[in-house]
Amino acid sequence: MVKVEGLDKLLAEHPFFDGMDDASRKTLAGCARNECFDVGDMIAKEGQPAERFYFIRSGSVALEFHTPGQDGLIIETLHDGDVFGWSWMVPPYEWSYDIRVTELTRVTSLEATCLRKKLKKDNALGFELYSRFMPVIAKRLYSARQQLTDMYAKK
Amino acid sequence: MTTKFTTPQSVIIGADQLDRLIKALSGLGYQVIGPKLEDDAVQLLPLTGADELPLGVVEEQAPGTYRLKPAKTPAYFDFTHGAHTWKQYLFPPKEKLWSASKTPKGLVIDDSMDTPKYAFIGVRACELAALGVQDQVFVDGEFASTPYKERRERVFIVALNCRRSGGTCFCVSQNTGPNVKDGYDLALTEITDKAGHRFVVEVGSSRGEEFLAKLETSQANDTDLKVAKKAVKKAAKSQDRTMPANTADILLRNQESTHWQDVAKRCLDCGNCTFVCPTCFCSTTTDETNLDGDTASRWRQWDSCFTLDFSYIHGGSIRRDGAERYRQWISHKLTHWHDQFGVSGCVGCGRCITWCPVGIDITEEVKALAKGK
Amino acid sequence: MSAKAKTDPMVPELMSISVRRKELADTFTIELDPGKAGFEFLPGQFNMLYAFGVGEVPISISGDPAEPESLVHTIRDVGAVTNALSKMKKGDQVGVRGPFGSCWPVGEAEGSDVVIVAGGIGLAPLRPAIDHILTNRSKYGRFVILYGARSPEDILYMNQLQKWRGRLDTYVDVTVDHAGRDWAGNVGVVTRLIGRANFDPRHTKVMICGPEIMMRFTIKELNQIGVSKEDIYVSMERNMKCAIGHCGHCQFGGHFVCKDGPVFSYARIESLLQVRGL
């Protein structure tokens, strides 16, 4: 129990959970664990099962596409307060990118099977969580589209 | 540019004095410019005598139409205005700004210029207002154009009160005419009645007063003044075209109107309206290099906001379609001009209506926008 | 023929190139010698630069306003005139008219936080403001410089960014749109840097320069975190031929970008940015 309460506190500090009621957060904390990664660690690889999703407490990771014979192509870097790994919500629940750690990174992660089970039982919590994910996804999509414009290129 | 001047009594000159007026101005070193028939139109060209003035000619003007015809009365100035404007002399269509030459010591810039001394004969009230509007652009702001300023300061203006309005005139609604108010050296009102062909002359400057001594004048009597006044009033009354009073707001409210597309379907993007407009001041700069490559010159020449290039920045043009360009022209003239210079950019001369090859009428477009079309 | 007064604003002054430096593949810096009198200007102002026989182009001044003995311009080779300027060497002469236009609100910003958001070549017109603020550092609150470039190879003033970042009183964050693993920094759009820059949105002046699309995204993000429109300043780009309000080319609604701008508060031009093709 002590452990869960500690994790709940960590979740509360993350901007993703701003304003979430305590009961919901505590339910989620039941699926959580703390992790720490070193520079160069691969948290995920494209195609692997998406079993966890992550809240960065501090540090940074690079979201990359693997290209044979070359280093990964960096799509975006993520930092304190960001989240990654929403493939857990989307069948067939596989990672779409590689996640490489670029500096010492502390995260709290939620286990996907545990989470899916809880959300099936508690639709209100599911709605709450999805409502928080949508703006994050929209913002990241918006950013990606800005990058696509290649606005600094010579016209 | 107007100077305070206490107007002396009006005088009368006989029509025969016009020739003397032109020649006397030439004698003082002025290059005299006035109306002259050329290519079936009244143009503003150098004059050497009154015999070159279009006597007994009037014109029919309508949207997209200009035709000369003989007048019932042989007057000198009963036609109104053609496509020419006085701006072509003060702000020439193409003018060298300066040139630079390569020398062993490096580049040397030559910015000397020729400043002619003009006398304008027959400047109408709307055109005087237009000169005032261009003065605000080229002289009164933070930066003054030296060549414009020098020409403007030297020009001798013989203004004219219109006793006939053209078919597209709407100076009354723009409050600029048909009677001249200020900014002239001499102002004429033509009279052709049983008492003879003559002009009432008003004096607008000490330079004008001094010059008047070179002509044979007589004191104007009350009848002369009454006749002159009445004629100008009649011209004012005959105008049926008006610009809505709240035009600036109408345009501002309708920047996203679908009506712009409707205009664009008719507009040919030819730029005629901007070239005949007496206030349009847009220009571009061009560079020319001698064949030996040792001398390069910079020129300023009239430009039109109807061209695609006008708004080009690297990568593309800002105003890509005709609707946006027409909106720019009319909004600048009737709305933004107020922000920039405190007055409307339109003096109501109607040239843009007459000389539009498809007869687009600036006043009608504003009215259509006002109706939310 | 009469001699024209030397004060005509369309006649340039000739200056020699004292230093020419390559910055990026398509971007270079020229330093001009303005002579003993020096060349005073305000951060954000621009000059018209003339290349012999080719023409003139508006270029922002990118040097330190506290060093008027050298007139610095960083230029991207994008057209005929900038291409001609790119081929000039030390000692060659350039025609200069200016300085023209409005400046960054470095005076109004005293006492509050300052956030610089630059994209691509847009860092060049902002550098005089950065220099001014660093020279007068104690007059300002938190100082943030956010910079976005296309790729690591396209980062302008890399050495200076590193120097600024090394200062304890300045927060510098740089991001690029595209990068490989040899780049250890941020990847993503410049707007993503705003959230973690940690300034007081209610007591800050933001100065933005970059492609118009980047400025729009940035403004949107700033609005979301509570920066008021009056506190956001942008530098606009429009066609300019004369720089003195005579040629009409740079009109943006009722404004002449050359003399009412190029720096505008967002509050002043917000409604204009919403109408396309103005």
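Labels A, B and C are assigned to the chains in the order they are written; within every chain, residues are numbered from 1.
In this section, contacts are C-beta pairs under 8 Å (C-beta built on N, C-alpha and C of every residue); 3 or more make two chains touch, one makes a residue touch a chain.
Everything quoted here is computed from the prediction, not taken from an experiment.
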item: Higher-contact pair (C-beta pairs counted), B-C versus A-C; value: B-C
item: Closest chain to the centre of mass proxy, which here is the mean CA position; value: C
item: Whole-Å gap between the CA centroids of chain A and chain B; value: 69
item: Length of the line joining the C-alpha centres of chain B and chain C, rounded to whole Å; value: 40
item: Centroid distance [mean C-alpha coordinates] between chain C and chain A, Å; value: 37
item: Contacts with 2+ other chains: residues of chain A; value: 155
item: Multi-chain contact sites of chain C, meaning residues that touch two or more partners; value: 78
item: For chain B, residues contacting two or more additional chains; value: 314
item: Parts of chain B lying in touch with chain A, wherever the complex brings them together; value: 314-316
item: Complex contacts: residues of chain C adjacent to chain A; value: 26, 76, 78, 119-121, 148-150, 154, 175, 177-189, 191-192, 195-196, 210-211, 213-214, 217
item: Chain C to chain B touching residues, read off their complex; value: 1-12, 14, 16, 50, 52-56, 78-79, 93, 95, 237-239, 241-242, 244-249, 251, 253-256, 259, 275-278
item: Residue ranges of chain B in contact with chain C within the complex; value: 97-98, 100, 102, 106-107, 109, 111-115, 137-138, 141-147, 150, 255-256, 281-287, 289, 293, 296, 298, 300, 303, 305, 310-314, 318-321, 323-324, 327-328, 332, 335-336, 338-340
item: Residues of chain A touching chain C in the complex; value: 60, 62, 64, 70-77, 79-81, 102, 143, 146-147, 149-155
